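Each of the next two complexes has subunit A plus one more chain, namely subunit B in the first and subunit C in the second.
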Partner chain A sequence: MGNLFGVFSPYVGWTSFGVNWSVVFMMGGVLPSSFWLGGYPLIISISELLRGLGREFGSLLSGFQQPGSLLIPSSVLLFIVFSNLGGLLPYVFTSTAHLSFTLSLALPLWLGQILLSSYKQPLWVLGHLVPEGAPMSLGPFMVLIEITSNLIRPLTLAVRLFANLTAGHILVVLLSSTCGGLTTFLGLSILVLLFVLELAVCIIQGYVFSTLNILYFSESETKVMVLK
Partner chain B sequence: MFGFGELPKEYNVKIHGPYDPAVYYGPKDTPLSEVKLGQLPAWLSRRSKNPVDWVRAGSRGYWRWSHKYLFPKHSGIVPVVQMAVGLSFFFWALNMSDIRKHKLQKYHW
Partner chain C sequence: MLSRLAITAGSRNSGSFIWGRSSAALSTAQPLSNNAPVIIQESPERDLVNFPRRQRPIDAPPVRLGFLPEEWFTAFHAKTGATGPYMFMASVGTYMISKEIYVLEHEFYSGIAFAGLLMYMYKRLSPDVGTYVDGLVQAKEDQLRSIRQNEIDRCQASITEEEKAQWMATSYESLIQAKKDNVALQLEAAYRERLAEAYSQVKRRLDFQMERVNVLRRVEQKHMTNWIINSVKTSITSKQEDEALKQCVADLKALAAK
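And then the complex of A and B:
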């Protein structure tokens, strides 16, 4: 890597296509299928975690939880967390530190919700552009603000994840450049603390992404939309 | 397609019992660790030249690793560390052509 952002480059010198993107396919192999009926310790612990998260996600769906409604948020959470944690390993490419990747996660999820709710209950969607309790004189402005806030959701979802991961990696690269001289001990101690922070950020960002997805989904969902 | 997802042709549930993806059910041969150096060309010539069989061999190796390190009740953190090291090594090897140039650089990021 010849510059500060070289660590984010998916391209390798010996080929013209981004071979580093192959990490995306490997994230599916992090939780292998079980051989025995009871599962194995790693998948049992992750299942327990998902069960707890499922209770929390279910409460966010405000009573309109259907069978399978937590599958997408749970799998997106695991995928993002494992991609983020993999990026902390030496030499491993961080796929979530690219806007193209995070946007390709956020945009279909958001667009699907918008299209579904617009198709099933267009009047309800239009009616909710003016929040309850807002004065009618502010109606036109509220509509514009609500439309803007709705349209900007996929961008915020994608940029939040991308910016957090990119900033963390850049900080690590910059701090590591201080090591090797007189400031090695200071640089190393700050690096250790930063690494702990990065671990937390990796998990929290995945949690925030999927929680916000559930919130946006629950906002667009009513009893009319419960599929039979 | 190519037999992926299907049971091996040599497998017979009445003879071999429950299917284990880590076991090779074809004709038995000397394990590589017991092959003498002079017997190596003959041993290599007996291997299948079909890439699908190479993928199957890799799959069996993966299941053998899983049986030994992942599925035991008290496996601990070992499989996680091995997966992490394996992933790091894979990407180190993949990016070696760029990493090798770091030594020649005046300023390192």
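And then the complex of A and C:
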């Protein structure tokens, strides 16, 4: 059992400090640098990707788009996607498969929105604890449910990402452990299909994380806050 | 920032690059508020033969096995031949696996599966993705080139406009000349008209004088003939008249007898 989760261990050998966490700084080497003015395929691909993301996220923000409001979600998406994709490579530590890491991403983003909206427009926040159109007889219960759903958001964000990646990696480890004997070819075939799924999961999980962030941000923002 | 300041300061001292300038000259450099374009002037000491300027590569450098640079293989051709690097990789790999320095465990097999998947995706998707990205790159380059080209076109259009304006301005000379000619024609016509008028007036007067002279002569002639006739008539006696009449009658009878 210890070997199964050995993939997720940040410690190398008998060391007691997590050297594997340095893969977080891998992002510095993933994004390309440019010497010439224009015409880099990789840079242009990434800029086109970011432009498409900007259109997607901009439609989600629906009118409350302040300059720079898409920087955090776009960078979070790129960070998560590249960390996930890097974790698919052999011998590379997956930093997003740890709850401590994903919670460190989700909690500040959520907490910042909650604190800012509570400070700027507390009555609006309290008023939106009862959704529009709900019958007032269910008011108290709706308030409790809304508070719970608000408070659980960082946990859901973090656990969704962490659980998806951990489950995927465990499946990969289990399947690839069967290889090396008579079932090598069968295992490799299923592994290829599993990796297709894992690629999709890596990209989708990053997209879901940042899209939910944008949605929570657009929910907590109003014109009053923008004008202030 | 400092290097840029030094380069822009160095470009203002012609013939010397940053390396050849003293710190005293650097301290007297002009501030960056000057918007003049930076023109890099080559120092005569620069060796462009052994250290040429970097050219922008269009295609990716050649690789073997998808990720190893070609130079790593060709560098060993003289020593080990063409199969040298491959033999090296095979022998090192065999050594590490047989000595269990590199253990074939689950990461290895997942790496094989992932590598296979990546190779399949590359073979399948790279033409389309490459074409699309090349289109993006070309669009970016065209957008950058269009900045310069639009400026050139704008200048060309302004040159053409200026030439056209100059050509149109020259037409005013011919227009003015035509107007001058028109006025001259009108003056000539007026002069000729007046000349003709003067001629006719003079001729009229001369004709009047001529007619007066003719009338006078005619009157004199008539008066003279009348006077002569009257004189003759008064000088004719009755005797001469009778003789004349008798002669006439005799002539008439002679004529009638013929």
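Here is the rule we go by: the second predicted complex is superposed on the first by the 222 of 228 C-alpha atoms of A that agree within 3 Å, B and C clash if a C-alpha of one lies under 4 Å from a C-alpha of the other, contacts with A are read in each partner's own complex, and residues count from 1 in each chain.
Throughout what follows, a contact is a pair of C-beta atoms (placed from the backbone, for glycine too) under 8 Å apart; a residue touches a chain by one contact, two chains touch by 3 or more.
Since the structure is predicted, the reported quantities are computational estimates derived from the model, not experimental observations.
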| request: Determine, under the contact definition given at the top, whether A:Ser100 touches first (subunit B), second (subunit C), both, or neither. | output: neither
| query | Counting only touches as set out at the top, which of subunit B and subunit C does A:Ser45 meet: first, second, both, neither? | reply | second
| Given the touch rule stated above, what does A:Asn20 touch, subunit B (first), subunit C (second), both, or neither? | first
| request: Could you look at A:Val12 and tell me whether it touches subunit B, subunit C, both or neither (first, second, both, neither)? | output: first
| query | Of the partners subunit B and subunit C, which touch A:Phe195 in the superposed model: first, second, both, neither? | reply | second
| message | Going by the contact rule set out at the top, does A:Leu89 touch subunit B (first), subunit C (second), both, or neither? | response | both
| With the two structures laid over each other on chain A, which partner does A:Thr183 touch: subunit B (first), subunit C (second), both, or neither? | neither
| message | Is A:Pro32 touching anything from subunit B or subunit C once the two structures are fitted on A? First, second, both or neither. | response | first
| query | Which subunit A residues come up in both lists, the one for subunit B and the one for subunit C? | reply | 35-36, 40-41, 89-91, 173, 177
| message | Looking at the complex, which residues from subunit A come into contact with subunit C? | response | 35-41, 44-45, 48, 88-91, 172-173, 175-177, 179-180, 184, 187-188, 191-192, 194-196, 199
| remark: Listed in rising order, subunit A residues that touch subunit B in their complex are 1-4, 6-7, 12-14, 19-20, 22-23, 26, 30, 32, 34-36, 40-42, 86, 89-93, 173, 177
| query | Hey, which residues of subunit B end up touching subunit A in the complex? | reply | 21, 62-63, 66-67, 70-76, 79-80, 83-84, 87-88, 91-92, 94-95, 97-99, 101-102, 105, 108-109
| note | Residue positions on subunit C within touch of subunit A in the complex are 54, 56, 104-114, 116-117, 130, 133-134, 136-137, 140-141, 143-144
